[in-house]
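Presented below are the structures under discussion, each in the form of structure tokens.
In the two complexes that follow, chain A is the common piece, with chain B as its partner first and chain C second.
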Partner chain A sequence: MATKIGVYFDQQNIGGGLDVQALADGVSKKWGDFAPVVKVYPVLANAEADIQADIEAQGLDGVLVCGCSPRYDWNLYQFPGIQVERVNLREQCVLAYKNPDGSAAPAGAAPELLVAMAQDYVNMGVVKLQKSTLPEGAAVEGVKRVLVLGGGWTGLHAALEVAKTGYEVVIVEKSATMGGHVQNIPTATPLSAPWTEPQESGLEAKIAQVKSNKLITIYTSSTIARLEGQPGEFTATIATAKGEEQVQVGAVVLSTGWTPLAGKYLEPMGYGKLPGVVTAGEFGKMLREGKMDAKRVAFVLDTTLAEEAAKAQAAAAAEAAAEEKPEAAAPAEGEAETPAFVKQDLESIKHLGYSNSVSGVAALRLANAVCDKFDGAQVFILYKDMVVQGLLERYYKHAQNRLGIMMTKADVTDIARSGDALKVSCANTLLGMDFDVEVDMVVLPTGIVPTTAKDAVVQFAYRQGPDFPDLDLFDGFTDSNYICFPYETRRTGVYAAGCVRQPMTMDACAEDAAGAALKAIQCIEAATRGVAVHPRSGDLSYPIFNFVRCTQCKRCTEECPFGALDDDEKGTPKPNPARCRRCGTCFGACPERVISFANYNIDQIGSMIREVVVPKDFQTEGPRILILACENDAYPALDMAAMRRKSWSPYARVIPVRCLGSVNAIWVSDAMSKGFDGVMLLGCKYGDDYQCHFVKGSEICNRRKENIAETLNRLGVQPERVEQLEVAIDEYDKVPDMIDGFVARIVDMGPNPFKGM
Partner chain B sequence: MAQCTLKPDMEFVRELQAAGGETLKKCYQCATCSVACPISPANNPYPRKEMVWASWGLKDKLRTDIDLWLCHNCGNCADLCPRGARPADLMGAARNMVYKELTEPAVVGKWMSSPKGLPVLFAIPAVLWLVIWWIRAGFNGGQWFPRAADGRIVFGQIFYGDYTIDPIFMITFFGACFILYKGVRKLFGMFKPEGKLLVIGKTKPWYMHLYDVIVEEIITHKKFSECGADKSDRKIGHMAVFYSFVILAIVTAIVAGGHWVGKVIPWLKVETPMPLTYPIKVLANVGALALLYGLGSLTLRRRKLNPKYQASSFYDWYLLGIIWAVALSGVLSQVFRLMDAVKPAFCVYYLHLVFVWMLFAYLPWSKLGHFVYRTAALVYVRMYGRS
Partner chain C sequence: MSNSILVVGGGFSGLTAAIEAAELGYDVYIVEKTPFLGGRVAQLNKYFPKLCPPSCGLEIQFQRIRKNPRIKFFTQAEVVGLTGQKGDYTVKVRISPRYTAPQNVDFGLLASTLEGEVCSEFEFGLGKRKALYRSMPFAFPGRYVLDPAALSKTDAVRLAGNQFINLNEQPRTIELGVGAIVVATGWKPYDVTNLTNLGAGSVKNCITNMQMERLASPCGPTGGHIVRPADGRAPKRVAFVQCAGSRDQNHLNFCSYICCMASLKQSLYVAEQYPDAEITIFYIDLRTPGRYMNVLEKVKASPNVRFIKGKVADVQDDPATGNPVLTVEDAVRGEKLTLAYDLVVLATGMQPTLSGETLPLPVSVDEDGFICGGEEAGIFAAGCARMPLDVMRSAQSGTAAALKAVQTVKGR
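This part shows the complex of A and B:
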């Protein structure tokens, strides 16, 4: 808790006709000894030395800077060991101000409402500091060893990347040999400039390099039986042929790769029925073993035949299921306690489509190999969409130039036997006609099914189960929730790379491996320092539990989007700070309010809410609206709106929160009892296509809102006074209208019945 | 309905590449070329489809494609092609393949397709005219470089019109005409789509369409203008060469006519060599100058082509080269004759005859064949309502 603070006003960043000196005098008067230093500077950025002097002279332990948004000048005002808080008077107060009737503020002295707003924000800032302490962090020892799951192309690269930094590596490979699917590839796609010629993969050399590296330990024919603990101090139990073995690791790179899509999905295209129809994977193997002697080959990348058949089959199955609806199997009483984990098989025809960009490159690679082998070879590539990613575009162009390779967009309508040959029928082609081609072999794409679609490969000993959550969103791929953070998984400290994450070519796998390896190291370093690794990188704070009041309701352990909390038999949560991402969803969930962060807690936000002056007369002085805004997207959107001279109702007061998931129902009650007429929860879009930094925050908040509505109903307050609105960071043009619309709805509703009580 | 089964011919692709279409495989079918072409029809445009047929080695499709001849090779498509696939060159290469294979004897087409065949092509007339020179030298008392009684140089002493030049060129000319006629018949057969073609509305006989083509397109070089104003040097150059050919044809007709008709009606007789001020001679020299100007301008244009967009094949250089050779040897033989340099005059005149013979005798297999085949195609499309 800050005990003595200095309040500094940055006049150049306030403006709006506000009497800054009067504001400062107000602070001195109201807060007295708690704020012994209150100063106004024309340009505060020049006064950092003055502030430092005040800190030393007065023994201040907190500094409140009133000026622009904390999103600007963020590199200024950093004093070691001192808490610094910012009051956003520029963007969200002065620039966003407009009169209640929508007109702009008159030139000259600030209108009364603007002054009141500025006072509210300054006082909220003071209280925020008052209720905040410097976080200390929960550092762990930090084992400098990375577990690499899977010894294929990606795993080998990841291991070498990690070892290069001096960290130790443990590779666990399921099969008896290293190298994975690359062992079956005749030549690799280009891996380096000029990106036109296929190259040798160099797999043997890579394996030898890994084997000879002293920092790398290899377990073949082994799997992970259990992973427990937290980043920096995981314990991995490895099931080897000789029995179980335990290894301490700091982080995990998940590079378990893929398995080929089951042949049954390709049957509608002749696979398994017509001799000469093979998958790309099998074709590569045949080439490698010298068993390929077809001079005319068709690569059929248009898999509509298989997809349509699968669709028809699914429809038939759904119909059949609808007809004989079984009695809902009632869960046997007593067994519901701990249902055994059953892995849902997520393999489906969709994987064929997802693999398209890799299948296209594979077809080019194999087509080139056929032309290398036979001078008069005729290779047809029949595609629906030719997708070639990145610099491999050059490889594609190169293949186009090759005599003997003929490509066209085509709807492949039939694959059938015709004498000794196979006949592929094509429609809607670039040649402007429908035609058949006669070939000796037909090569179908190999569908890439991530191993995580079939198995819980990591076997987390976590309260939320052994598997990654919500894998079905990505059809089993352990893909990241964030487009900008590709290796993230929903389990802190485990970073996915290669085809387990997305179907990708070998060059991309190698790059991915390097990225995931660096993330793993970053994670261990962060755990060692006790700071969050992502997305609040460097945040020292972590959830602290006051177990005395805990009722073991398990809401926090169930709702944590990252499975950071384990529990004991009774249900008492067991925090794992290094797994935590500091979103505060746990304390938003807690009905007993036993969870807090040093610098972010229930009481702090509650006190800020109570610090707002809410006028009694709704008619003449207007309503008051509380906006709890997600600081990741909604808050920047508000700043941007203000910077672009958009304004919103002067009755709104914005308090940033770490995530809407951290909004505790008590804050709404606080606001209602204080006399606020409405509470607006401004956060990210949720649902499958969400953009929440903490994945589930806004979704959880929406669920909780229903409980809040119930409570409000009981109290006789219209539940419509609390509304959750979705905004994306770039929707600055929409957010002022959202606020004004909400304020208008509240004005129509009339005053909060609790006002003035 | 049974679909056609494609039979790609990789050898054909190789030949096309050798005939000037070496970049054809680069095409990725964006159809920028078809959009860029100012004269391609909207409903079935070229040259995109030709590019994919070429890439897939669909020989029959490409050979029977009338659009090859509607293209006037302005190069707009090649300038805009994002892949440097040079569609204009492919169209040219495909035409070259037609020159090569359309008419018999096919061996001439083969000789004509690369510089390797050039010595044979040259040797045939060279030997022919040398034999005639040798025989005629015998008539002139063993003199290879004789002078007339008045001391003038008269080429007719050696290359006597009545028994040598005229019959040989008559045979050559009518032979070429016959071969071209056969070629056009074959071409029309290839253009004809499968099944029956019904033309609705008024029809005109083919010669009326030919008249229209000549009056509306060839005389005015209309398509050249439609190809784009920025290519005007090409139009002027081509027009100069074209009209010089017309002029020289008229001169030749007058001289030949004057010679043979003069034997019957003496006052119509035209004596050669003609004095420099004689109107026919003036016309001939104007034609020669126009030819030199046109050739110079077309040659410069080809030299200036950016090989990234358009290149010149052997067929292009052969045609320019042989016309240059004809023009220069023609002009020089006159110059040497007037300079009274008897040996160079006869030697150059001999070469002139060799080159002229090459120009006409090999016409059906050379790029010059376009003046017949393209005209035929233009007539054909008009006959079937396309223009």
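This part shows the complex of A and C:
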């Protein structure tokens, strides 16, 4: 808790006709000894040395800067060991101000409502500091060793990258040999400039490098039985042929790759029925083993036949299921047992289409190999769209010029036997006519099915279960839903790379491996320093539990978007700070309010809410509206709105929160008992295309809001007084209207029945 | 010897490389040519496939920079010299004057009252800007920049006495000691004036895909309304011309990676604003890798969107209507089509910034301007300076380059 603070006003950044000296005097009067230094500077930016001198002379442990948004001039107000808080008077007070009737504030002295707003914000800032402590991190002794799951192309690269950075590596590979699918390909695609010629993969050399590296330990024919603990100090239990072994690791690179799509999906294209119809994977292996003797080969990249058949089948199955109308299974009586984990198989025909960029390149690679093998070879590549992107276009162009390779867009309408050969029927081609090609072999694309679609590969020994929670959103790929942050999974310290994340070509896998290796090492270092990783990177604060009052309700353990909390048999949460991303969803969930961060807690925000002066007379002095705004998107949107001279109701008071997930129902009660007339929760969009930086925060908040509504109803307060609105960061031109609309609805509703009580 | 890292370019790849290395514990300098960080993505309205705003991810990146004292950045800065070798470089950086105070000053009101206006490079010529400006509302750093060349005489007099403006600020050159360098100089839209058959930029109501991003952006020149630039009319028929320069030996001898997805995304922008608009996409191949297939399926499901496989051969202006008229051969039906649209969007490709420009760094580029090599000198290319990529792949690439740089400086 800050005990003695300095309050500084930056006149240059305030304006609006506010009497800044009067504001300062108000602070001195109200806060007395807690704020022994209250100063107004014409340009505060020039006063850094003065502030430092005050800190030393007065023994201040907190500094409150009142001026522009904390999103600016962050670099000017940093004093080692001192808590600094900012009051956003410029954007979200002065610039945001308009009269209740929508007119602009008149020139000259600030209107009363603006003065009241400024006073509220300053007082909220003071109390925020008063209820805040400099956090000390929860550091662990980070094990400088990375577990690389999967010893294929990506895993080998990841291992070498980690070792090259000076960290140890443990590779766990399921099969008896290293190299994964690359073992079965005759040549690699171009891996570097000039991107025109196939290259040797150099797999053997890579494997030899890994084997001879002293920092790397290899377990083949092994899998992970269990991963427990937290970043910096995971314990991985490895199931080997000789039994289980445990190793300590700091972080994990998940590079378990993929398995080929089941043959049944390709049956409509003749696979498994017509001899000579194989997948690209099988064809590559045949080539490599010298077992391929076909001179006429068709690579059929148009997989509409398979997709249509799967669609028809799915429709038929759905119809049958609807007809059967299974008896509604009666819910189990009595104590609801936590059901045993059953892995949902996420493999589907979709994986065939998703593999398009790899399939296209593979067809080129294999077509070239056929031509290399036989003079006079006749190779057809029949595609719907040739997905060969970026610089690999040059490889495609190169193949187009190769004698023996004929490529055309074609709708492949049938694949059938024709004497000793196979006949592929093509329509809508680029040759101006439909035609059939006769070939000895037909090669179908290999569908890339990520291992995580089929198995819980990592086997987390976590309260929330052994698997990644979002896989169904990504059709089984362990991908990130953030376009900007490709390595973020909801299991801190585990970073996916290669085809388990997305289908990708070999050059991309190698690069991805290096990226994931960095993230793994970075996570170990963060855990060692006791700081958070993305998105609150560097944050030392972490949730502290007061277990005495915990009722083992398990809400925090269930709701944590990152599965950071385990629990014991009784249900008492067991925190793992190094897994935690510091969003505060746990304390938003806690009905007993036993969870807090040093610099962010229930009492702090509650006290800020209570610090607002709420007038008793709704009719003459207007309502008061509390806005709890996500600091990542809504808050910047408000800043930008104000900067664009879009103002909003002067009755609103904005308090930024780490995430809407951290909003505890008590804050709404605090606001209602204080006499606020409405509470607006302003957060990110949720659903499949969520924009919440903590994945689930805004969604969870919305769910909790229903409980809040019930409570309000019981108390005789209209539940409509609490509303959650979704706002994207670029909706700066819309958000003022959203606020005004809410205020108008509250005005129609009349005063909060608790006002003045 | 230095264990600091230099990142050239403050776009998404460069930011990612810098932040990831700094969060691993290394000191990083970012040198950015323009006045603001964020690069090309700052000009985009939305990302595919989620249609989410790029400023959302940028805000997080900027927060990470604010919180991390290991990152120092210089805007309006260019590398002008390099001496030394891997592990021990001295980099000369020239910083142009910003002419505004080092702290944040809200010049909004003042700027809006200035007379002088110039064509905004950020808006690709679709809008104007004042001499005192921030390119976008989420500009980082948030400080205004002054372009004295855009001041009128009256403006100059008005600003002369302003305590937060220093028109006498001089360029300066600083030296930085670094051990490794990440080059993330990114890309530029292919110069449309080279595309003579597609109107060379002179056909009214024929815009580029990057211009479309600005038109659709809420902070763009039209406040996000997609209208014809020539007359402000709402378009009813919109065509997207794929591979405008890309996959063409006479222009860009590669595929620009993002344009198919970008046009699909932009077709959704149009459909959102004008549900009845008829949209046609002319393409060679629809390159929607991986799960981006789902976006293609979504767009294909719309009855108002038509796909025609065929390369557009010609774009002409119909002076009577202001409609661009396309000539195209439907490659499947073999028909030659002549079609008029209200608005045509050229999916112009991405050209590496280093095409036609040189950096005073020992890196070589291929014939198209993409960096190849440099690793042996402790110099690593990231993002679209290396190859055409989308944002997600750029972030991967930046992260990977950060690791290579760290490996180079570690323990020095």
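As a convention for this text, the second predicted complex is superposed on the first by the 742 of 757 C-alpha atoms of A that agree within 3 Å, B and C clash if a C-alpha of one lies under 4 Å from a C-alpha of the other, contacts with A are read in each partner's own complex, and residues count from 1 in each chain.
The rule we apply is simple: a residue touches a chain if its C-beta (ideal position, glycine included) is under 8 Å from a C-beta of that chain, and two chains touch if they have at least 3 such contacts.
Bear in mind the structure is a predicted one, so any value in this text is a computation, not a measurement.
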{"item": "Chain A as common anchor, with chain B and chain C clashing or fitting", "value": "clash"}
{"item": "Partner chain(s) touched by A:E438 [first = chain B, second = chain C, both, neither]", "value": "first"}
{"item": "Chain C versus chain B, contacts on chain A by residue", "value": "C"}
{"item": "Which superposed partner A:Q378 touches (first chain B, second chain C, both, neither)", "value": "first"}
{"item": "Touching partner for A:L430 - first (chain B), second (chain C), both, neither", "value": "both"}
{"item": "First, second, both or neither for A:D617, with chain B first and chain C second", "value": "neither"}
{"item": "Contacts of A:D472 with chain B and chain C, given as first, second, both or neither", "value": "neither"}
{"item": "Touched partner set for A:D73, first chain B, second chain C, both or neither", "value": "second"}
{"item": "Partner chain in contact with A:L403 - chain B first, chain C second, else both or neither", "value": "first"}
{"item": "Intersection of chain A interface sets (partners chain B, chain C)", "value": "397, 430, 432"}
{"item": "Residue ranges of chain C in contact with chain A within the complex", "value": "12, 19-20, 23-25, 45, 47, 50-64, 66-69, 101-106, 108, 137-138, 141-142, 163-164, 217-219, 223-224, 247, 253-257, 285-291, 293, 309, 331-332, 334, 366, 370, 372-373, 387-389, 391-393, 395-397, 399-400, 402-404, 406-407, 410-411"}
{"item": "Contact footprint of chain A on chain B as seen in their complex", "value": "3-6, 8, 10, 13-14, 17, 25-29, 49, 52-53, 55-58, 83"}
{"item": "Residues of chain A defined as touching chain B within the complex", "value": "376, 378, 397, 400-404, 406, 408, 423, 425, 430-438"}
{"item": "Interface residues, chain A side, partner chain C - complex", "value": "12-13, 43, 45, 68, 71-76, 78, 90, 95, 161, 164-166, 192-194, 350, 353-357, 383, 385-394, 397, 409, 428-430, 432, 474-475, 477, 479, 481-487, 502-504, 508, 511-515, 517-519, 521-522, 525-526, 533-535, 537-539, 632-633, 636, 640, 643-645, 685, 689, 691, 693, 728-733"}
